[in-house]
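Take a look at the structures below.
The two complexes that follow have chain A in common; it is paired with chain B in the first and with chain C in the second.
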Partner chain A sequence: MTNDIFLKLKGIQKSFGGVHALKGVDLEIRKGEIHCLAGENGCGKSTLIKAISGVHEIDGGEIEIEGEKVEKMRPIDAINRGIQVIYQDFAVFPNLTVAENIALNGEVKNKARLVDWKEVHRTAEEAMNQVGAKLDPDIQLERLPVAGKQMVAICRAIINDAKLLILDEPTTALNEKEVENLWKVVRSLKEKGIAIMIVNHKLDEIYEIADRLTILRNGSFVSTGLISEYDTARFTKDMTGHDVTSAKYAPEESGEEIFRVEGLSLSGRFTDVSFSMNRGDILGITGLLGSGRGEIGEALFGITPVESGRIYLNGKEIQIKSVNDAIKNQIGYVPEDRLTQGLFMQRSILDNVVVSSIRKYFHGVKLDDNQMEEAADHWIKELSIATPSAKPAVRNLSGGNAQKVVISKWLNTDPRLFILNGPTVGVDIGAKSEIHQILRGLAQKGIGIIIISDDLPELLTNCNKIIIMRDGRIGEVTDNTIERIEL
Partner chain B sequence: MKEKNKYAFLTSTQMILVYVIIAFSLVVGFRQPAFFSPATIITICRTGIFTMCFALCEMVVILSGGIDVSFPAIGCVAMYVPMYIVNRVYKIDSAFFAFAVAIIIGLLFGLLNGFLVSVLELPPLIATLATSSVASGGVVTLLGTREFTNLPSSLQAIYNTNLITYTAPDSGFTYPLNVLILVPVVAALLVSWVLRKTMLGRGLYAIGGDKNAARVAGFNVRKLQFIAYVFSGVFTGIAAMIYNILMHSATTSALMGDEMITIAACVIGGVRITGGHGTVLGTFLGVLLITLVQNNLNMLGIPTSWQRFVVGIVILLGTILTSWQAKRSMNAGRA
Partner chain C sequence: MNNTTKTSKQRDDHIVVLFGMMIFVLVLMAILKGKTYFTMANLRSMIFQFPEYGVLSFGMMACMIAGGIDLSLVGIMNLSGVTAALMIKAGLPIPLAILAALAVGTACGAFNGFIIGSLDIPAMLVTLCGLEVYSGLVLAITGGPAVNNMTDAFKNIANGFVGPVPGVLFIFIAVALLVAFVMKYTIFGHNIYFLGSNKKAARYSGIDTLKTIVMTHAFSGLLGAISGVIITSHLNSAKSSNGSTYTLLSLLIVVLGGVNPDGGKGKVIGVTLSIVLLQLIANAFTIMRAPDTLKTFTNGCLLVVALILDVVLEKRALKRASRTIPS
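Up next is the complex of A and B:
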């Protein structure tokens, strides 16, 4: 049995300036298995990967590779022993071609002086055949979608005789179809005997792909086992340390309409979209990428306004021709890519909270600092944002807390309608359920909540009304009593 | 697939530049038939010599993800100092000496730029602005502002060496093409080869594309940045001496202000200001277009006072084209 084990970690410890990032972690990866490493943000997953790949030197514990103890692991040792990591940013070159991206690292390692373009193409071709990727070798990488860049990163990793491929949150930026394709590639690599470790915290994806699972929490090892040994309850309990309720959202029927749209159309994006929501409703909009699901949100917020159709908020018809119109009508919007669109990462929590409602704090020409601080502190408490004060820059916060800052920014504008596109993308399971509770509370207070998401379980639990978009039209409208959504 | 590649080629930045150059030439030639004459080619070559040299320097630096606005100042120092020595300190009549001093000065300032950008990690614009100020302020303070218009006989000999001389049959004017045209030609071929065929060249593209990815891949990012700035400095020194020889003038301010037109030539030629994109051929076309426009506006009957304005418009349109091409390229990834 022990021959099957490729990598074995025993009691790995690592601390940074007195903070224990890893407090004795065990991990066992077998040859040709797909192993998921799960845990909430900040549990030590990234540190563990960096320990395995030799980027961080460990303070204690043992690393064994193929039964042989490794005394000191440097990045080059890890690579020579067949360990390859694909980080979330892929570390690829957007300006170079597919072929060059795949072959370049090998050429650098061989200390080549001249580039043999025939050899570059041959290497790339071979790697793509092995992985089963079909890409034009001469296309520049910036022209590829994220999934394509990822394939290039995988091709590049395996040309160096990889025996263990580590993928750090590989599905974050992919749509459902691309994820499926990724799993196909991962499985075919597995059949070639390559061990694969995937860092992930989406339960449904883990069920689909993993053979075994290891869960970390706060830098400690919690549990490991076959995927069949885990059900949802155990998984969430091991991840968060407590039981997370996931009762379906079922508001009382109020019968009081707060928002209605009729015949919204935007050529090339969506056609004839009509729906309405009552006080207390949380409306979910889903569909495949390109089905118009995200575009509706952007249209209602005036980013790309609709060309025809009527919009009624609290019984009054309103015009939304620009973002300004939307803000005037007290509509809030959390974009899908909050890092680039929703937040000023370098600025403090306080600055981010008040940025959309800054007019409130002007007294003459002066800003009222005290009032702004009060507002920021209020939301930090209200949404339990984990921070000592409102001063730190947002980029120091975890994904979940950053998302709470975006939400408080809009809550501070007293919205009547609040649209969230992918509100829990990249947010770990504990913070996710907190955000869901917040949204439910807002809906109860009479704020219209629209969640746009491809996370179907999220919609089924939190929305009492779900719209499924297909090819720019409403395909189906349903409540959340159903078990599965077919896109 | 083939059709698509063909379309992509025909609408590439370089091909569009070729169309624009042809169209412009036709318009000028239509108004002034004298335009279609070997004399025009020689004139263009002559005025384009140093612009091309400087554009090569700038292109290499921009490719690597940086920018160099110090080359006019470095160039001025590199031609002024040897001429000052020859004229006022000790009369050394040697072309080798003049070029050697120019190269050493270029090298030193290139090293300074490389140090500021790669070791101290200053933003390249600020670093090279500072270098520019230090270079031009330093030389004025120490050596004053004279103009040297006499070449020592060794340099004069180079000036007198022509590759070919064209005599216009009707007017009898002669149009000599100086042998120094070979410098940008050889340099362009060499730089092009290095960029395409060597790991050094690919490394420059790599660090211009993504520094972090380049580091992970095992490139020595600092060394590559250093090389880019040092090349720029050294070649600027050579180009400045060429300027001095052809213009019979070395001053402390002759080249100042050239950085904008040079950067513009690069960008029009498809060099992306954010780094990682660009070719020697594109840069050459960019230089050709700008030189053509600068030289021939009067032939179109546009008054000299308008020339700066028109050149500005050309730069603007050229840059819009390049950035539009870049956007088109990135959007292709989303579809």
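Up next is the complex of A and C:
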């Protein structure tokens, strides 16, 4: 039995400055198993991966690989022992082709001075066959969707003789079909005896793929076991340390229409989209990537305006031709990609909160610093953003807190309609349910809330009306009494 | 208090470093050449020199904080200078000549900004073309030789005194205060920081990015024009090759002053200290009769040191931040 264990960690400790990121973590990964590592953001998952891959030197504890104790693990040792990590940003070269990305590494390692292009192609094809990926080897990587880039990264890991493949939150940017495909690949690698560790905190995905599960909380080991030993209640409890209730959102029927669109079209994106929502409603929009779900949000916010159709807000027809039009009509939008579209990472929380409402603070000849600070402090308190003040740069915040800053930015503009595209992507369970509570509160106050998401459980619990987009058209409209959504 | 408190501790460290460097130069000169360095005459000669490229550097600063760069500043400076010079020579009143110069500079900058923003061409390329175009225009207008011998009143702008102090110092201080106010207390100033820090997020936050880019470059052009008036008055001459070293010098100044070449960061106080520091050093070399090459070398080393220090300080600040904020 012990021979089956590929990696064994005992009491791993790591601290940065005064912060104990890992306080004695145990972990056992067996050959040919799919092991999920779960925990809220900031629980030490990333630090643990970096300790395993040799990026961080550990302060205490033991690492054993295939029964052999490893002293002082460096990144090269980890690679030589077959540990390959696929991070969220994949570390691939966007301007090189698929084949080059997969195979050039090996060429460099063999100290080849000239590149043997036939060999490169052969290696790449072989890796893709092994993994079961079907990609054009000559296409430039930047032209591939996220899922494709991920496949390339996996191929690269495989030709480097991976024995343990670590995937850091591999499904965050994938749609359901792509996730399914990824699981197929992962299972086929497992068949080949490769150990796989997946960092994930979506319970439904863990149930689908994992054999065993280890949960961390605040840098400490909480529990480990077969996936069958966990039910939802235990999982949430182990993750958060307390029970999280999730009652379905059911507002009182107000009958007062606040937002309506008729026949919205944007060529190549979506066609003839009509819906309406009443006061108190939270409307969910879902669908596969490319079905038009995200594009509707971008259009209503004026990033890529609609070409035809009518939009009515609080009974009045409005025109949205630009972001400025949207803001003038008090429409707020939390974009899909928080880091590149939503936040100014180097700027302070204060700056990020007031950016879209800064006009309010311009009196006479200058901006009123004190008023801006009051506004930021107000939202920090209101949304319980974990920070000592409004001054630190947003990059210091965790995903959940950063997302609350984006939400504050729009709440500070007094929105009448608030569209959120993937509001809880990369946000841990605790903050996720806080954000959901905030949105429910806003809807009760009469703000129209539209959640665009591929997180179906999220929509089923928090929206009282759900639109499913298929190929740019509304495929189905449903309430949240159903148990499952078919995309 | 806004800018000093809201940017991370790191910039304040940067300013301490600049102060330290200034004190180092002053102490060193006190030991080596105290008697000639610390004289009223030498102080005055320094004050006469730095305002023209100092004002220019603020333009560079604004563009760089916005995530761009303005390599055309010297071209704008000379085109504005020639505009003023020719109008003075034509007998028009000084205020009118100055206004025309400022209008020309602002228009040149706005043109740069419009090309950059509307066609999405990198600022570096557009303003490099701008430098050639505006310098070429000066040559075309003057036909080659400098425009010399303006009226005494015009010469006095940059050469006159207010009491014992060269008047141009007050122009510089006024410009520095104006720029600091714009960056700190206006929506436009904040938008410059937002744009430079994340252009996409700026758009998603409802900032009119094209307008901000045009305004930033127009602002830079205005500052270029002010320095054009100063240098033309100072040298009593306007031509296309005036201040040809100022492009690189102003780049050196803003980066040394703590402006992030990637945009989003930088303060007027840092740039001002950097201007003064470089003037102190330049003057020290003149007094020591050291060769110019040595000065260039020293400036280069200084910049490298400043950049390395920045990285070190940034790392320290990040560590500190990760300690104070719960995740």
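Methods note: the second predicted complex is superposed on the first by the 487 of 487 C-alpha atoms of A that agree within 3 Å, B and C clash if a C-alpha of one lies under 4 Å from a C-alpha of the other, contacts with A are read in each partner's own complex, and residues count from 1 in each chain.
We adopt the following convention: a contact is a pair of C-beta atoms (placed from the backbone, for glycine too) under 8 Å apart; a residue touches a chain by one contact, two chains touch by 3 or more.
It should be emphasised that the depicted structure is a prediction, and the values quoted were computed from it without experimental measurement.
S.K.: Is the number of chain A residues in contact higher for chain B or for chain C?
M.R.: Ranking chain B and chain C by residues of chain A touched puts C first.
S.K.: First (chain B), second (chain C), both or neither: which does A:K192 touch?
M.R.: Touch partners of A:K192: none, neither chain B nor chain C.
S.K.: Thinking of the overlay built on chain A, is A:L350 touched by chain B (first), by chain C (second), by both, or by neither?
M.R.: The second partner, chain C, only.
S.K.: Regarding the shared-chain residue A:R122, is it in contact with chain B (first), chain C (second), both, or neither?
M.R.: neither
S.K.: Taking the superposition as given, does A:F16 touch the first partner, chain B, the second, chain C, both, or neither?
M.R.: second
S.K.: A:L367 contacts which: chain B (first), chain C (second), both, neither?
M.R.: second
S.K.: In the superposed arrangement, which partner chain does A:K184 touch: chain B (first), chain C (second), both, or neither?
M.R.: neither
S.K.: Across the complex, what residues on chain B touch chain A?
M.R.: For this pair, the touching residues of chain B are 196-203, 205-206, 208-210, 212-214, 216-219, 272, 275-277, 329-330, 332-334.
S.K.: Within their complex, state which residues of chain A touch chain B.
M.R.: On the chain A side, the touching residues are 89-96, 100, 104-105, 107-109, 112-115, 140, 142-145, 148.
S.K.: If you look only at chain A, which of its residues touch chain C in the complex?
M.R.: 16-19, 41-42, 301, 303, 323-324, 326-327, 333, 335, 340-348, 350-351, 355-356, 358-359, 362, 365-367, 369, 386-388, 391-393, 396-398, 409
S.K.: Would you mind writing out the residues of chain C in touch with chain A in their complex?
M.R.: It comes out as residues 1-2, 5-8, 181, 184-187, 190, 193-194, 197-198, 200-208, 264-265, 318-327.
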